[in-house]
Amino acid sequence: MTAAASAWWILFFPLAAFLLIPLIPEKKRTLGGWLACAGMFCAFALTVKIAWPIFEGQPFHSFHASIEWILIPNLQLEFGVLIDSLSVLMLLVVTGVGSAIFYYSLEYMAQDEGYRRYFAGLSLFAFSMIGIVISANLLQLFIFWELVGLSSYLLIGHWYQKNEAADAGKKAFLTNRVGDFGFLIGILLLWTFSGAEAARSLNFLNLNVTIPAFAQASASHGIWITLAMLLVFSGVLGKSAQFPLHVWLPDAMEGPTPVSALIHAATMVAAGVYLLARTFPLFSLSPAALEIVAYLGGFTAIFAATQAIVQNDIKRILAYSTLSQLGYMVMAIGLGSAAIGMYHLTTHAFFKALLFLGAGSVIHATHEQDIWNMGGLAKKMPVTSVTFFIASFALVGFWPASGFFSKDEILSLAFLENKFLFWVAAFTVFLTALYMSRLIVVAFLGTSKIRKKLHEPTQKMLLPLAALAVLSLIGGFLGIQNILSPASHSSHETPVFVVALATAFGILGVLAAWFFYRSSRKIQNRFQTAFAPIREILVRKYYMDDLYDLLLRYIQQPFAQFLSWFERKVIVEGLVNHTAAFAAFSGFCLRKLQTGRIQTYLSVFFFGVVILVYCFTIANLHP
Amino acid sequence: MTLNHYLITSGILFAIGAFGVLGRRNVIIILLSIEIMLNAANLSFVAFASHLNDLGGQVISLFVIAIAASEVAIGLAIAVILFREQGTLDPEKMNLMKG
Amino acid sequence: MTSSFWILLAPETGLIALILLVLGLDLFTKLDQAKLILFSILGLFLLFGTLVFVWPLRGNALNGLFQVHALATFLKFIFLGAGLLTLVITKEFTKNLGNRASNFILLILLSVLGAFFLASTNDLISLFITIEWMTLSLYILTAFLRTDAYSLEAGTKYLVMGAFSSAVFLYGISFIYGTAGSIRFEAIREVASSAHQSPLFLFGFLLILSGIGFKIAAFPFQLWAPDVYQGAPTPVTAFLSVASKTAGFTALVKVLFAVIGPDALNWSAVIAVISGATLLYGNLGALAQTNMKRLFAYSSIGHAGYLLMGIAAGTSFGLQGTLFYLAAYAISNLTAFLVIVIANEHLGSGEIIAYRGLAKKSPFLAGSFFIALLSLGGIPPLVGFFGKFLVLQAAVWKGYLWLALLGAANVIVSLYYYLSVIKEMYFKPPVQNAEQIQLGILPQFSLGFLVASMVGLGIFQAPLFYFAHAAAQTLF
Amino acid sequence: MNHLEPIFFYAFSLIAVLGSAIVVANKRPVYGVLALTVTMLALSALFVLLKAYFVAVIQVLIYAGAILVLFLFVIMLLGMAAVETSQRQRETKKEALFLETIRILKILLPIAFFTELIILTLAAKDAGIGTRNLVGTVEAIGQALFTDYLLPFELVSGILLIGIFGIVTLTQKEEELSLRGGPNGPTK
Amino acid sequence: MITHSIVPWFVFIPLLTAGLILLIPNNRSRLIYRVSVAANALTLFLAVVVFLNFDSHQSGWQFVVHRPWVSALGISYHVGLDGIGVVMVLLHGLLSFCGACVSRSIDRNIKLYFTLYSILVASIFGVFTSLDIFFLYLFYEMAVIPLYPLIGIWGSQNREYAAMKLTLYISLGAVLALVGLLSIYLASGLQTFDLVVLSEQAKTGLFSRQFQLWCAPLLIFGFGVIASLWPFHSWSPIGYAAAPTAVSMLHAGVLKKLGIFLIIRLVLTLLPEGARFWMPLVAVLCIVNILYGAWAAMAQNDMKFVIGFASVSHMGYAFLGIAALNQIALTGTVFFMFAHGIMAALCFALIGYIYDQTHTRIIPELGGLAKQIPFIAVCFVMAAFASSGLPGFANFVSEILIFFGAWETYPLLTVLAIFGIVVTATYMLRMVRHVFYGAPNPHWEKLKDAKALMIKLPYGLLVAVLLVFGFWPSFLLNAIRPTTEALLETHHSIFLTQAKHDSALSVGTRQLSHLAHYLYHGSRKENA
């Protein structure tokens, strides 16, 4: 099997699973789960096979293959695979973490009514996500980009009978649509810039050549490139839930927890970052665009982190944390290093998936999501707790966990490039430590508030936890950073100051949380009343949801109602019915002439004669 | 006497007849007025016949007299029924159908 | 004379014979009225044979006063068909006529005879006399139900107005005669096509036009039509709306194309304006009608507008379109009236509202009405569509784009009231009893045949088209 | 007699016009019929002036002798008083304006029509009455009737037939009708 | 070859079916139903055969049958298919079959229903296959009339008003177009209605620019009515809401496409300059279509009204594709007609199913139906996503082609059009959310899902078609491409010298002033 063929097969296995699962009868539903897992495992295995040279430390030879999909003069669209180190890394993350989560789901969803639907959706997601990663051109990427949106919609709304879940799915899809609106226009712009009419192509390899050429052709083209890249970035805003399109992600936690782990933490939301990395050569043509990317990323990081502090739902805390971490990644790329962004993406995938799976274990055991109702889990579920601690460790960025390395890369990059963003990022470390410690202190330590007896989950769920825990712990030593930039990495050293500051902020956060949340209720209450306004803002998510609500309720809906009114009153009644009424009215007037009296008729008749004679003789006699 | 004299005479007769038809509210007088109009046409036919030196006009006027006779016959028959059924000869009183 | 007198006059002679036969049977035998009608129907049916026989003939008789050509034969076909179907309609109406039914059918036969002569005339005075012939018999027919106030009122109105318009017509003829020196078509045409005509010629022409306008119920001479159509006995209404209108158009076509000539006097614009106004009056007036016959009166005014449209074009093609339209209109309208007369007898009312649920009472009757209405509305693939197609094309050809657009818009208006009738029949439940209406064999067969011809001629237009073509060519 | 022609013309024209004016102006149809007889006679005199002798004779015979007598018969049949023109109906205010317009039209229209005729007649090249050697004798007219006007001649006979037929049909006795049950109007 | 004279049968088979049904006694309703389904299956089979036998390497007319008809007028019976026609025939074959299948819920006067339905089907086939303008128009108007009784007798709310309005509206468009068509016939001076001859001649500049400028709007707006071009769309939502399921399906699926189809076939081929002149105005109107329809759909509570306005909105894309006047967009438009036809029909079929079960279409009254009728729910969700242009469904491919094409000509308008997709997703998901998702309503406990294969078949078939062509668009595009290429060759040759872009912002005033000019001065000089 050639490498290209194996790339196609990677795409094919989850698709096959997706298509086959609906055919399995309900009685043999477990088969469906295993089928999905098998598809994912096969994809993972093939990915490893492709990536093998990397593991052997050899340089990776990228390759590209495609088939014609749409062929119209002036518009050739292909379906292709582009496998380079970037996509291999992403593929490893997607299939690797995916495999773990699929396996985990076997147990987690075992009792669910929509078991087969769930695994079908998961397989569809895997297919689309892999599609994004291996896409050879921008439009193909867009297609899979939309498809992951679909699978996300379906999986968030898995428990569709719950109103919140149904709403959340809709919200996620529509918010993404708004982003994709810009994305598609961006694609069209790039297509226009990519050369003469007949030679245009959206192929990445091609774009990397033609767009710089376009940029150099004229000074005025720079603004167009910036515009195009910002439009592409709007797609990222939606998918990676960056401010201001972040609102859907916390709500998306209504989906089953493994879905949150896989889609809304590890992979799908990272697709935006992947897109930035993929189009980084184009972004780098526009410093202005990159700057905006960086600032938005930095802002999202700190913006989300502050909100995480006041959340009570364990999954929501993690969701805000995801937002914040995605902000880090976007910022990293905005600051000029796709490799660092991708590095953090990878480690984040490990520990955030682990966090969610841990949370899933807890929820599975307790059927409870509010951290204030938990407490003392560390004693009752030791394995889960240990893995959770490891993951939190990595998230905050303590040595030697993987998060330490990737986050330090980002911080030092920011330190070199933009001092303001550096401080933002560093302060976010403090916040990260604060909310994670709060979570751990409240939910895992202290006394249990749960009456019933809790069990560790079975081996099926623990195995993925363990695997991800190991990766989170040692991820920093695997040389992941070298995959993307083997040469450049060693060129700059991490400033000691940065490392120290980050660690200090981290410890500070942990301590703050420890003392505050271990303290008596009284102190907590007093503190909370003191900061009530701020807390209110945070709890209300900076009023972002309310703002969107207002927009929808007071702008869009009235507008729709207005148009509906316009249709009824102006178009139907005004234009149509009144025309008809006018005809009927003139008919009515004509009937008045029809008096029923002979001599009136005769007069009209004779009048007609006289007029006719006048018009055609007398009037023409003396012109 | 020129042709125009005769034509104008016939025109006057025609106009008077037309007025009778338009204005009089008695079917019998209306029928009489129509006779006047037909005779106006006859006068014009005969005058033109002389003018053209062609017998046709006179022949036609004979036809017209015959047609007028038939028309009057039918008209009077209807007038008789009308009077018998409705007790009036006023055409304006008939407007069951209108609009 | 290319063919002998009797051969050329075969249809007329046959019809006279039939009339005498019917008269004899009526006077000297105790034949049932219904049988008499059947006999007349059979006779008229056989007369089609004579028409087919004279179809290929061309020639003239009676010193050139009587002409036989394709146009005359075409029109005679319409007249004969109208007469035949009017008798079929009369058959359904017999019980209202009492023992005078024989007079009724004789008058209709006489009227058809007059129309036959009309189709063949070649001079103005014969034209006038034949028209008067038809009109006089129609006065009698309209007032036929003398104890019925509606019929009597209609008869009186028709008589007074008709006589007035005849006088105007005749006065017009006198001026044409006086300025052209003859009443023969060819002779007048020479005068008409010369550069300078006397103003009196024009005067006469316009008076004639008014007189004919009355016959075809064109604006502004149309006011009589609704009242007379509504009041007349239903078979007479059918005959008025088809045969009398066709007679009017025969006269108009002869006057405009044979007497004046298509290029003289610039009459095209006059006809175009009249056509547009007639269209509007007929169709808009029909919108608010509640009586079926009155609705058809207005609708037939509207159709006169379309018929005028083809004539307004002033071309052989336009004339052909008008002739095709005439035939199509005759078939469709007579179908409609056959249905109306049967329905009126059963429903006991002529109001549109009484037609509610007719589809339930008799699917066949309702179906035939449906097809007839659509054909009148100009919906393909029915014959009425092709007629409209041709006249609109003629108007566009002539450059009367506004007229064509007006005609097109009026299709919609007319569709509205036709569809409203369909709505009553199909969408609404029957008002009172929903008992089935039983149809006799004759109406069933006739309706079947008419529907088949509406569809058949709508799809295979060629035969009628070429016949109309040949007919139109005779005047060019 | 040429020099007297204008006098005769004007005189007879005046009589004809006056006669017809009386027809339309009086209320009693009987007077109307009598006035029309005068008009007819005056017209036949005009025909004589135009040398249309046969027509003049027929005019007197048929019109004065037959048609107008028919009128008189009908008037007598119906009763003198009954046929007198009825008074104006009362009309509502809404109708009044419309009807008033129509009433004015009824007077104006004939005048307008006549004016048009005069204008057109004057606009046409004036021509005298022809050479006057045309004499409408019985012989000449008979000749024309059976040659150039054969068809209309035959057709007129048809019209007369219809006239007879019409009177018979319309005035047939009611009793005969009632034998088969009276007609019921289908159109109400 | 069997396919040699296959095309006339597309009209004959349904017409024969109509005749056959008339012969079946009224009480054998199942038999009538079966005959109708079988006949439509047969035409579908023929459509597939024709599609598979279509030679996609040539742009000319295929399967041509040519017989003289009224030769004096230049009317001939001339049928055949090009790449566009073959796609439309396939679409119509599919939908008429599915429509017949879902008509099982018709419960009264079945005989009349299927007779009219067959006539409707036949006439639509007639339009797609005719190569003679006369027959094209004949079938076009013939298709309108059966709708009146179909809606008026078997329809639901407000049926009489809706039926009347729809019929009159579409007929008005038709007769306007008729005047235009007659003008074309006469202006050509060729004495022929043969589209093939006329289009050949049109390439050589048969029609003067002046003529094209006034004639084109008659056709564009005349046919635009049936394609619900704003502001002539108002018959559409109300008509769909009233119509019985199968009629809504055929109407939204195929009949609306007739307008676009005829504009492509007649205006773009015969009046290229006229098209070019008027298209900017159409482009602006179609954007109004897209956004107006979409927003109006959002305010509706009746499911059929939502889909009705949605189809108004979607037709905007088809118009945009035409207005762009380039091959990418035009190909996309044809593909879009196919995809949207299937999708809209699917939506109406599913709503019909729900309505038959629940007897309501009011969204707030429904809810949580996915539990009771999962199959229908899944199909509906698919249709909703297809409607909002999700990749994987044929609609996405067509829309993206239209965007790529229109982007070349009207970039700003394209941006607005793309925004329409966002709005579309909003109202479609809103409907899915409130009908199928959410807490189950105990009122609907007893609903029956489509279980039997025959019941599932129409829905499944339509979904499958959407997916197959969504993944494998070349299957259709290859057939369309040569035709659109040939079609636009005329345009390229004529406009090579002209300026490339019309400013989308200056659109409207110029066109309107021209129209006014021609209305005042008429066309007489033109024809003289």
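As written, the chain order gives the labels A, B, C, D and E, with residue 1 at the start of each chain.
Keep in mind that, in the parts below, contacts are C-beta pairs under 8 Å (C-beta built on N, C-alpha and C of every residue); 3 or more make two chains touch, one makes a residue touch a chain.
What you are looking at is a predicted structure, and each value in this text was computed from that prediction instead of being measured.
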Check every other chain and keep only those touching both chain A and chain C; list them.
B, D, E
Which chains make contact with chain A and with chain D at once?
B, C
If you count the contact pairs for each chain pair, which pair has the most?
B-D
Chain with the smallest distance from its CA centroid to the overall CA centroid?
E
Measuring centre to centre with C-alpha atoms, which chain is farthest from chain C?
A
Return the chain whose centre of C-alpha atoms lies at maximal distance from the corresponding centre of chain E.
D
List the centre-to-centre spacing of chain A and chain E in whole Å, with centres computed as mean CA coordinates.
36
Distance-wise, how many Å sit between the C-alpha centres of chain B and chain E, to the nearest whole number?
64
Averaging C-alpha coordinates per chain, one finds the centres of chain D and chain E separated by a number of Å equal to 67
Centroid distance [mean C-alpha coordinates] between chain D and chain B, Å
4
Of all the residues in chain B, which ones touch at least 2 other chains?
3, 14, 17-18, 21-23, 25, 31, 47, 51-52, 54, 56, 60, 63, 67, 70-71, 74, 78, 81, 91-92, 94-99
Quick one: which residues in chain E touch 2 or more of the other chains?
none
Touching at least two other chains at once: which residues of chain D meet that condition?
105-106, 109-110, 113, 116-117, 120-121, 123, 148-149, 152, 156, 159, 162-163, 166, 170
According to the definition of touch, which chains form touching pairs?
A-B, A-C, A-D, A-E, B-C, B-D, C-D, C-E
Interfacial residue positions of chain A with respect to chain B in the complex
591, 594-599, 602-603, 606
Can you name the residues of chain C that touch chain D in the complex?
62-63, 65-66, 93, 96-100, 103, 106-107, 110, 113-114, 117, 121, 123, 125-126, 129-130, 132-133, 136-137, 139-140, 143-151, 179, 198-200, 202-203, 230-234, 293, 344-345, 349-350
If you look only at chain D, which of its residues touch chain B in the complex?
5-6, 9, 13, 16-17, 20-21, 23-24, 27, 29, 32-33, 36, 39-40, 43, 46-47, 49-52, 54-55, 58-59, 62-63, 66-67, 70-71, 74-75, 77-78, 82-86, 88-89, 103, 105-107, 109-111, 113-114, 117-118, 121-122, 126-134, 136, 140-141, 144-145, 148-149, 152-153, 156, 159-160, 162-164, 166-167, 170-171
Using the touch definition from the top, list the residues of chain B that touch chain D in their complex.
1-9, 11-20, 22-26, 28-29, 31-33, 35-36, 39, 42-43, 46-47, 49-56, 58-63, 65-74, 76-81, 83, 87-90, 92-93
Can you list the residues on chain A that touch chain D in the complex?
592, 595, 599-600, 603, 606-607, 609-610, 613-614, 617-618, 621
